[in-house]
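Okay, so subunit A shows up in both of these, paired with subunit B first and subunit C after.
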Partner chain A sequence: MTLRAAGRALRPAGRAVALAVAVTAVVFTATELLPGDAEELRTTGRASQEEAAAERDRLGLDRPAAARYLDWLYGLARGDLGHSLAGGRPVAALFAERLPATTALVAVALAGTVLLTAAALAVTYLRGGRGGSAATGLAAVPQPVHAAVLGAVLAGLLGWLPPVSLLPSGGSPLSDPRLLVLPALTLALPSAAFATVLLRGALGDVLRRPHVADARLRGLPAPLVLHRHVLPFLYAPALQVTALLTGGLVAGTALAETLFGYPGTGQLLVSAVALRDVPVIQAAALLPAVVLLLGMLLADLAARRTTATGPARHPGPALPDAPRGGGR
Partner chain B sequence: MSRSVAFLSLSAARARRTAPVAAAVVLLVCVPLGRYAAPHPPERTVAAPWTPPGGRHPLGTDVLGRDVLSRVLAGGTQLLTLSLLAAAVAVVCGTALGLAAGWSGGRVARGVRALGDLLLAVPALVLALVLATALPGATAVVVAAVLAGAPLTARVVGTQCAYLRDSGHVHAAVERGESTPAVLVHEVLPNLRRLVAADAGLRLVTALQIAAALAVLGLGPQPPEPDWALMLSENLPGAALNPWALLAPAVPLAGCAWAFAATAGTVAHTPREAV
Partner chain C sequence: MHQHSSSRVPLSRRSALAVLTAAGALLLSACSGTPAADTPAAGTPASRTGAPVDGGTLRYAVAGSPATASDDPHGGLGNESDVLRFALTYDVLTVPGEDGRTRPRLATSWKPNAAMDRWTLTLREDARFTDGTPVRAADVLYSLRRIGGKAAENYGRLADFDLKKSTAPDEHTVVLATRAPMADAPRALESVTFVVPEGTEDFSRPVTGSGPYRVKQTGAQGAVLTRNDTWWGERPHLDRIEIQAVADPQARASAVTAGQADVAGSVSPAAVKSAGTSEKTRVVRRGGVTEYPFVMRLDTKPFDDPRVREAFRLAADRKALVDTVFLGYGKVANDLPTPYDPSAPKDLPQRTRDVAKARKLLAQAGHADGLSVTLHTTTSYPGMDTAATLYAQQLADIGVDAEVKVEPADTYWTAVYAKKAFYTGYYGGISFPDLVRVGLLSASPTNETAWRSRTFDDGFARAMATANEARRGELLSGIQRELWKDGGYVVWGTGDGLDLAAPTVRGLPDGPGFQRMFIDQAWMAR
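== the complex of A and B ==
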């Protein structure tokens, strides 16, 4: 019995680990497409043949791709992310420097997402489960448009904020919270719209269940109906959507940080892509995927705990696609 | 009286349904023609940088003193063409995969599903960025849109195809001795028309988002090319001086995204008899 329970808890964990390893293969393969290799990037093609050969030997580039992949994977498992091709610093140190800023940004954006989504869902609830098209539209609009409109309105027309979040080097993002506003809103707005679209369907489904109508007919006050008969059914999907969005927010930092000049890991990824700095790209690409898989795993385990009879769970990390509404 | 009210509300519902489709069609037709309506050459400096709107420049000028209106009119074609292409490839690949999975079931279906889980664990933007390291921007957009979108298409198509496989007319066709491809094309696909069309709208939205993101990050069209997404990043530093240089390209870009998403929603929800 306990063994079976342990097995039930371990299975999603095993699945998440398997997916994470598969993701490393995808990332490695994508960076392998690069014409030319690390030696050419380091020596910019000007090295003599012997120098080039020595450099290739040092970087292990003449070994087959599979062997290099396994080396990289072994390094990852030990927490060794390799060295940046531009500058030669350990990738782990580059990340350690920038992670606090990105963590602060993602945390603020996630809090904003949760608040905005809760507000939008409250409106949906008051309207009896029907949603407007505003959330669908906002979720479809590309993120740079959110950034541009927020920048034009808050920094331009109203003049409340600086349009660029230049953080003094070594400064903490929390020393001037104003710098967080534009990138965090840029991240939070589309993700809240997306969450609203996804959860609105679940909310509508719960509201149509007979026990909700029954509770209302028994004369329970609306807040109590919400608390006892509606919200418990929304925990599982809400947790899943939160996990998914956290991964999405981490990925979205690439755009928000670059546009507003906020020095975090997203900006690191974009500059590494420009420099073709493969070890940094590999690590930065893994970050959102790992956050997403870890979040999904936690959401899955938490959902098993809290709701025994919740709505049908979607298997795997691949819950959402689309604004399809709850009707069908 | 009540009949006319019913008629009115019916036509309002119909207007709500047709508006996004009409907007999408108008945008797709007009955007490529915009270049010819531009009052100034979109790539030439015609006034001081960040001139506010007024006079000969209704939307002012941008970072290099180029006319914003002209650049907006000229700047959508490449973005839309690329998004359409990427979405088309994604839908075709996804539909093919979905049909294979739904028809064969079993191991093939599980394989397609696992592949989807894997690709969906990597956010599309990150996938596109990693691919853009090695591939030209446009190719990276297409490949990323396919990798991020085809699994989702395959999922919905596969589910429906597995369901249709057990329906009478499909059984009849199989009994008649028609080949599997013939059954899929003549009996299954026509029933998936609406599903695939709605899905295509969503794939188009994703493709537009990826294309815009890569362009904003400098991995798409290169300056001085007029491009809505590129204009957003070019003109952000001047938000305080000429916010219209930022809002002007944002509006059509948002309009396209809204029109495609709403069209997809409309197609998915239109009652059968209304089409």
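== the complex of A and C ==
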């Protein structure tokens, strides 16, 4: 990579870091705006004033919000995520305990999303770019409804899957893959529907291009047209949608993990919000933000490579606009 | 009791015992209640179902929220999953018995002085920590002082003890001082007095204990415990207990029906209704565990008029409330805030719904044209909102327009509890003396009904200084009559604590409060 290319790659990286910090500031402010703080919610109003004051002092809640935020940020820069205000354990340890479970869940959900999206788009392709209202409908259904319906059918009615996803003590999520199915599907179904809706437009655009019609007229078989003349134009938007959805999947674990009793970081976030456990909330919010921004960064870089013939000016959705450009 | 109170002690420290009480997001339903009546499906003590079998693993799904998980047995005890682990891996001084009376554990006996403010506890001599060192009086005193020092975190759990003046005169004797005569001191030491080695400071990981089990590993989902073969007590039957922390009650119930867990602690009546009827599960009912009283402040209009309070009590259709809120898993109550306490008077006439009389009382109080009030409630515990909504409908029949306001659960206990004039409360099996100290003395820190009665205060102080148990019971029962007649509580019913268990699980405790955590004598039938 040339220096200029490296510079081009670094600028988005800097932007990503700035955005991640902005996210933490927004989350911190939002938590501050919630009524009550960790001390009040721990003592539920039953501590004396002196006890409450001592507790606030111990938890560092007596200092102004800005100072607490900057402290946290300084700690983060040194790789110190702080301690939970509720249980007192190091935040890093809490996450280390739960990250493997969430990583496994997100990976499986992402694979499911990709497969389902590919299948839906294949159907759209075969129908010449039309249809897909089913996907729009699915995308509009709230996640808890997906969870309830999937659980009722697959675990309740058919009895194929366990209704909750408790991991065996000390076991890895991969020891019984069936435990991953319901939470992963709950995440993947709406996310695949969303991806289909987003990419259907791009697919339609490509299909309407003259070179595709031309290839078809020349009698090339449909799979070949797809492979040679359609897919290359979809890589860039697909990558970006994937990056976007991965961040979304990580964020979505909050709900899916809570509903199925799955011991990941999403569950941790939900209970931390209820207790205004700021250091845990901050770390939990940082996670999907970092995943999303990192994904976008990688997608941008990859998009540059796949659309290398163009001058790749804008890092936004790299919709193919050169008449024949993207082929190679 | 006040004449003995040290003036340095902020009175609100008493709120203390509220731990066990209480109303909180971090709540444990604790303390004592009466043993549940055994239903045919109820958990039956081992003795009644054949000889216990040794061996096996029990998987126990228990309430637990990852954010409050802690390895400190002296802190807030916000997580039932942690309390279960502590109860199995540490020794405590005393435990509640099946009948609600205090039983020995690490303390084999106790004796008060004449003034009832010094308690001499004799400890067992054969208790050892899992590292082989003996459990000494110094370890006990260290642990108690640590609990006292964490008063802000644990609502002053031991605030009625003067731990500075308490001593350990020899290896196996502890002399505990109380701030006032405290006849129920052994009871206050039940269940939560987890003993760790003296000088322990690092609680960021499980600390050595001396209980029936030892920690093998802990993780995100919970903990794995194995039997401690050097424990002094009756040898536990199970080789291994896996504690699974699951926040959602429905998920806990599902885990048992699907065979992923053997026991689900504290599930909702609805979950029992749907799951408990199948062949695959049994229901353990623990009586008198949940109570959602309606709380009226005596210092605020219109509740400053005893006729209004009486009318509000007469408006309640208690049976309908129990059937709707607890789905029948409960009992009608008679406006005594702790009907399960051994001291509750048994001979009071049951108040029943009397719309005509209630209307008449309201008219006499000057509300012939009706009365508008706001009834606050929340969704912290299942059914609290239902209770308020149904009661508001019942109040409409006596001409009261009660607007139900459902407040956010997060802030209910700070913004509404002990502050608003009329709201839905929560008690989780608190004992009567604890409730009095927390909320019914003139100077109580959270006197939620603004109940201030000289005769009541005096009666309680006298009871706490009375060594004779029967006489003490009479005194306590006497002040409850006053409360029944004139107090600020509408106590319409108590709900059962409900656990779901696989049919092979035997010997689960079905007694009051924290007794359910001491499952060291449970076993699995083959």
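Throughout what follows, the second predicted complex is superposed on the first by the 272 of 328 C-alpha atoms of A that agree within 3 Å, B and C clash if a C-alpha of one lies under 4 Å from a C-alpha of the other, contacts with A are read in each partner's own complex, and residues count from 1 in each chain.
Heads up, the rule we're going with is that a residue touches a chain if its C-beta (ideal position, glycine included) is under 8 Å from a C-beta of that chain, and two chains touch if they have at least 3 such contacts.
Please read all numbers here as calculations on a predicted model, not as lab measurements.
**Q** Touching A:Ala155, do we find subunit B (first), subunit C (second), both, or neither?
**A** both
**Q** Figure out whether A:Thr258 sits in contact with subunit B (first) or subunit C (second), or with both, or with neither.
**A** In the superposed model, A:Thr258 contacts both subunit B and subunit C.
**Q** With the two complexes superposed on chain A, say which partner A:Ala109 touches: subunit B (first), subunit C (second), both, or neither.
**A** Neither partner.
**Q** Have a look at where A:Val225 lands relative to subunit B and subunit C in the superposition and call it first, second, both or neither.
**A** It touches nothing on subunit B or subunit C.
**Q** Considering only touches as defined above, state whether A:Ala215 meets subunit B (first), subunit C (second), both or neither.
**A** neither
**Q** Which of the two partners, first being subunit B and second being subunit C, lies in contact with A:Ala140: first, second, both, or neither?
**A** So A:Ala140 only meets subunit B here.
**Q** Kindly classify A:Ala188 by the partners it touches after superposition: subunit B alone (first), subunit C alone (second), both, or neither?
**A** The answer is neither, since A:Ala188 touches no partner chain.
**Q** Using the superposition on chain A described above, determine whether A:Ala274 touches subunit B (first), subunit C (second), both, or neither.
**A** both
**Q** After overlaying the two complexes on chain A, where does the subunit B footprint on subunit A coincide with the subunit C footprint?
**A** 34-35, 155, 163-164, 258-260, 270, 274
**Q** Using the touch definition up top, name the residues of subunit C that touch subunit A in the complex.
**A** 10-13, 15, 18, 22-26, 59, 61, 65-72, 75-76, 78-79, 151-153, 155-156, 203-204, 217, 219-224, 242-248, 251-252, 254-255, 257-258, 260-261, 408, 410-411, 413-415, 417-418, 445-446
**Q** For the complex, which residues does subunit A have touching subunit B?
**A** 19-20, 22-23, 26-27, 30-31, 33-35, 133, 136-137, 139-145, 147-149, 151-153, 155-157, 159, 163-164, 247-248, 250-252, 254-255, 258-260, 269-270, 273-274, 276, 278, 281, 284-285, 288-289, 292-293, 316-318, 321-325, 327-328
**Q** Sort out for me which residues of subunit B touch subunit A in the complex.
**A** Subunit B residues touching subunit A: 116-127, 129-135, 151-152, 155-156, 202, 205, 208-209, 212-213, 216-219, 229, 232-233, 235-237, 239-244, 246-247, 249-250, 253-254, 257-258, 260-262, 264-265, 268-269.
**Q** Flag every residue of subunit A that touches subunit C in the complex, lowest number first.
**A** It comes out as residues 34-36, 40-52, 54-55, 58, 84, 86-90, 93-94, 97-98, 101, 155, 162-164, 166-170, 258-261, 263-264, 267-268, 270-272, 274-275, 277, 280.
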